[in-house]
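Common to both upcoming complexes is chain A, partnered first by chain B, then by chain C.
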Partner chain A sequence: MTKRSWLGAFLDRNGLALGLYILFAVSFWLLFLIILPQLAMIDFSLRHDLPAAQQGGPLDVWTFENYRHFIFGLPGNPDGWNRLDVGVFGRTIVAAAFVTILNFAICYPVAYYLAQVAQGRQARVMAVALVVPYWVNEILRAFAFRIIFGATGVINSTLQALGIIDLPIDFIRADIALYAGLGYAYVLLMVFPLYNAIESLDRNQIEAARDLGAPWWRIHTRIVLPFAKPGITSGCTMVFMLAAGALAAPQILGGPSNLWFTQLIYGQFFESVNWPRGAAYAIILLVACTLLVLLVMRLFKVRLGEIGK
Partner chain B sequence: MAGGVSVELDQLLVQFDKFVAVRDANVRIEPGEFFSFLGPSGCGKTTILRTISGFLEPTAGSVRIDGKDMAYIGPNKRPTALIFQNLALFPLMTVWENIAFSLEMKGVAVADRRKRADELLALIALDGQGDKYVHELSGGQKQRVAIARALCAEPSVLLLDEPLSALDLKLRQHMRTELRAIQRRVGLTFIYITHDQGEALTMSDHVAVMREGVIEQIGDGRSIYDDPATAFVASFVGENNALPGRVAEVRDGMALVDTTVGRLRARIATAARDQLRVGAEAIVFIRPEALDLDTAGASDETTIHATVIGEEFEGPNLHLQLRHESGTELRASLVNKGRTGTASIGSSLAAAFDPMKAVALPSGALSAEE
Partner chain C sequence: MTGRPSLRWSQWVIGAYLLLFFAYLFGPLLIMAVTAFNSSSFPRVSPWECLTFEWFVRLVEDQRLMQGLSNSLIIAFGVVVLSVAIGLAGALFLTQIAARSRAGTYTVFISPILMPGVVLGIATVLFWDRVAGSIGMAYGGLFYDGIFLTVLGQSCFIASYCLLVFLARLQRFDSQLIDAALDLGATNTQAFRRILLPFLKPAIGGAAVIAFLASFENYNTTVFTISFYNTFTVEVAQKVRLGIDPTISALAVIVIAISLVAALANEAAQSHQQRRLAGHGRGLVAFFTHNPAAVLAALAVGMIVVVLAFAVQHDPAACKARALEQRLERQQQYQPATPSPVAPAPSTPVAPGARDLNPGQGSFGDVFRGGLAPGSAPAPAPAPAPAPDTRSLNPGQGMFGDVFRGGLAPGTTPAPDSPEGDGEE
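Entry: the complex of A and B
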């Protein structure tokens, strides 16, 4: 089909006014809110950090210096590579992946129960119970976690009262508070795609498998999980991307010695006021996360189109 | 392959909260039998099947398979295999993986699974189609794959929940013959559910007719059709003219009933022998094919005078719509023997019947489809 006839058909189907509005809104969204800002970021990331007076001057040329800095650090660095930044980057990716897996492990049973087991009122109550905590804003929730996991928090005092531990555990330094906070922050983003996928699975499939001798865990590995794969992918992708890009939770809950990569980016922008380097780091995070997600999708044989299902 | 075993339901009661879906079911199904549950939508057929296969626990009473009580034995531990109303084939697996699923669960090696699946594919005449996906098959082929998948689990009892209801008429008739043939070949006990009475009568050794959770009659096709136990069975199975009235006389297993079309003589149904007393409300059932225009030898009590108000010519049969002067309407089916002109619309005629073929039953609920 040619472009023109596609456009014509689209306008016919939606009417001229609505059709034009949709076209305008979508192109505005894509162009001004996604493509142009990203292009500007790429442009930034390829420039030197110059004082305002020299911008546009003879020194203002494109360079890969900021990317080079991420890998090798300052010139004359004794390590030969940027141990600090690459280290933070690696830990952030691994931690985000860990948060994603943890989140999936927590949310899958909930989504399965909600989609296939709970009925009527029970299901509605559960859905509301899942949503309501999110009326509390993210910052407040993070602080609440800090209090719960603090040295004199509920968890430590309970464990101490029960005589399980003598001295309070430093959950903050061990990053346990951070993982819990991040995991909790994205529960909904995981539950609902999973719920959607599992909900459309015909109950008879589960019963047929059971009737044919499948124990409960085989029903999950052989029937439910393969069927829910698109939902799993979209849930995990969202949680991973958002966890890797989270700022507030690491800021509040992160241990003093463990930085999240976004905190480095934030620092470049607002503390060092080195926008080009901040932009380069942000783009490194974006590209790395995207590549990783695509790689994992290939590994699990999920196509991009399926996620939208 | 394991042979068939017996299945017994003993005072079975199944309740959903307050709602009683199946009440006091007592059934004995012999090993290797083709047994059908027949009844209108919502009468509890699926509930019975799910109780036999273990997806539901009886509220009271018991299910015994091969003499063993099945209480709290899960569906994966029972010697039954269920074929679902919508088949429930696994869409993400190939045909052969579907068929061999039960072997996979038993931990059988891939090569052996494949071999067994290929044998079963031959049995259902789908040789060489094992690597297709389910959505690439036709309705009838899917049907057969579902049967093969169930057979692969080597059940002793195969439970089928209206497996043919989604097929078109032609294919359905073909699959009926095929199912019956497979059943004879493998010798399993088949428990079959349907709301299609033709299906139940043609395929089954015995049929249980259900209404609102209660089994009204169990018998072979002939006794259900010719000697119904209740007014509901008489009206649900096959076409029937129902003529309500009051019993005027009972003698030698025959009853005289005063109906709107006059006093009629009819045989009292076996199950109603002790129930029909003089003065009781009763219904005389006369099948359309029991009515004949040849009135020779008929008495007043076996003749109905009526006007022809409609006719349907069907080739071998001629169906007449008749109306008695009281307003009661009747249907008569005449075998086409080349006689024409005896029954034109508007003409009056006398229709006679053999009183042994008319059945008198105590009045009761009729089938809503009537």
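Entry: the complex of A and C
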């Protein structure tokens, strides 16, 4: 089938008005909202940070300077590499992975219970109870953790009142508040893919394994977890990407000495006002996260198309 | 048989775990909500000072927040229209293309969900900046406009959410209905309008709600695209970063109340519909019988009305004066070495600073700080305004920051008749 006849058949099938609407909306989305902006960002990241007057002039040539800066820092840097930026980047990735694993561990029992054990009204009430906190703004949720983990927050004052500690623990500096807040922020995104996957598991398989004498943990490792693999990958991917790309929670809950990589990007745009470098850092974040996710998917043998289902 | 008792035991463990899990989910919101009613100007549960509703008043009086709210609604409207239209088109497109290219196209369509929000925001700004530059648009034109950019930046990924909603609904669509209509002589447009569109109506509603919520609460993308405007969420984030005070808690109370009532009402309506399908009666009485969610929703609304009525005539001034007195008394008791008498407090801003260096003095610390704060109320300066700028450079300054803020910010708050509330911004 040639392209032209496909287009003709498409318009025939839908009628001219509807067919044009579909084609126009989809191509607007793909071109103007997804692809061209990404290309513009790549283009920006390959340019020097020039004042407006010199843009388009002879100095406005492509360069890898911004990427070089991410790895090696300023010229004459005694370390030989950009300890600060690469360090922040590495910490962000590791912390996001940690949050993802933590989140999976927290949510798996709940998703399993919701999918296989809870029934009728109980399941419905649980589902509503899971969703309602997500109608509350991300910022407000982070704020709640700030109140709880502050130096005079609920946890510190309770521990002090009980005489367990004398001095307040600085949860914010230790990043405990940040991990708790990030984990909290994405509970729903982890529970529902897991739930969708586990729910379609035939209960008889679990019963059979139990009848054959399998202990509960083996039922999970041999039956439920392998079956739920697409859901697990889907949930973990979303949580990891969102945690690595989170901005509000680290801004509100992050310790003073511990930046998140998105905060560096934010700083390039709003504090140093170096758009090309900010664009380069944004691309580094996007590419690194995507590669990592693809790698993990390859390891667990799950295809990208199964995400989000 | 060892199976039975171990099952019982595991049920206990699971029950306890679920309890803990939902405590983790709701505890923070609950604590935050409670702090909105404490007159202490640092949001906290203990020590409890006085029951007050002043934070709600100050919230509504916040001009920038209200301006942000109206911007948010404009943006959300644009995003709903654009993303529902795109999502629907994308879903229809996906169901019609050849199976072998479907998986790849699907991946492209949902990829914006997985991209970090900051990346989408940056890409949108840079692209339209390029476009504006290449067509010679002057700065200030449409392509530099924060609201225009925000609508586009948000729609990029919110359209994917809508797409998922439509795809889920379309999976249950019987495409033979369309064929039948066409056989009977309907045009394509008629078949779409009379059959497919009515079938998709619930999905359109659902997608619109999701798009609205996602747009309203978006921060990561918006903060880059909004330029000099403000949305509600960006403004709230700004406030939280600059210094936390209970007006944010008051805002949370309102959001939580709306969510709760909406969730209960939704649950009630669904359960009512199920019962009606099962042949039970209609009418108001039937709506409430055997429908705990409906009863709870009505109770919640009733409680909100009662609280509002109580709030209108509640005057915490006397209680606050008493609390202040008590605190000053205790302060004198524990800090006899203070050179000047503390009672007419305005002249003692030194004390909170000194305390900051030593935040670990336990529960007394709270007493002292609280005691000083209201004392500075008469000071005419709208204190919070200048200070935040320096702090914003270092949003995560940790506990000292909190303590300091807690001590200073109150200066403007306690006196109910103080005009600073408006003058701040």
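Methods note: the second predicted complex is superposed on the first by the 283 of 309 C-alpha atoms of A that agree within 3 Å, B and C clash if a C-alpha of one lies under 4 Å from a C-alpha of the other, contacts with A are read in each partner's own complex, and residues count from 1 in each chain.
Going forward, contacts are C-beta pairs under 8 Å (C-beta built on N, C-alpha and C of every residue); 3 or more make two chains touch, one makes a residue touch a chain.
Predicted, not measured: the structure shown is a model, and the values here were computed from it.
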Touched partner set for A:F227, first chain B, second chain C, both or neither: first
Which superposed partner A:I34 touches (first chain B, second chain C, both, neither): second
Touching partner for A:R218 - first (chain B), second (chain C), both, neither: first
Which of chain B and chain C A:V154 touches, first, second, both or neither: second
In the superposition, chain B vs chain C on chain A residues touched: C
Partner chain(s) touched by A:A282 [first = chain B, second = chain C, both, neither]: second
Which of chain B and chain C A:A208 touches, first, second, both or neither: first
Chain C to chain A touching residues, read off their complex: 10, 14, 17-18, 21-22, 24-29, 31-32, 35, 42-46, 85-86, 88-90, 92-93, 96, 103-104, 106-108, 110-120, 122-124, 126-127, 129-130, 133, 152, 155-156, 159, 164, 187-189, 192, 213, 217, 219-220, 223-224, 233, 236-237, 240-241, 244, 248-249, 251-252, 255-256, 258-260, 262-263, 267, 359-360, 362-363, 365-366, 393-400, 402-403, 406
Complex contact set, residues of chain A against chain B: 202, 204-205, 207-215, 218, 222-223, 226-227
Chain C-facing residues of chain A, complex: 10, 13-15, 17-19, 21-26, 28-30, 32-34, 36-41, 43-44, 55, 106, 109-110, 113, 117, 124-125, 128-133, 135-148, 150-154, 157, 160-161, 166-168, 170, 172-173, 184, 187, 216, 237-238, 241-242, 244-248, 250-256, 258, 262, 265-266, 269, 271, 275, 278-279, 282-283, 285-286, 289-290, 293, 303-305, 307-308
Partner chain A, residues of chain B touching it in the complex: 53, 55, 74-76, 80-82, 84-86, 88-90, 92, 101-102, 104-106, 149-150, 153
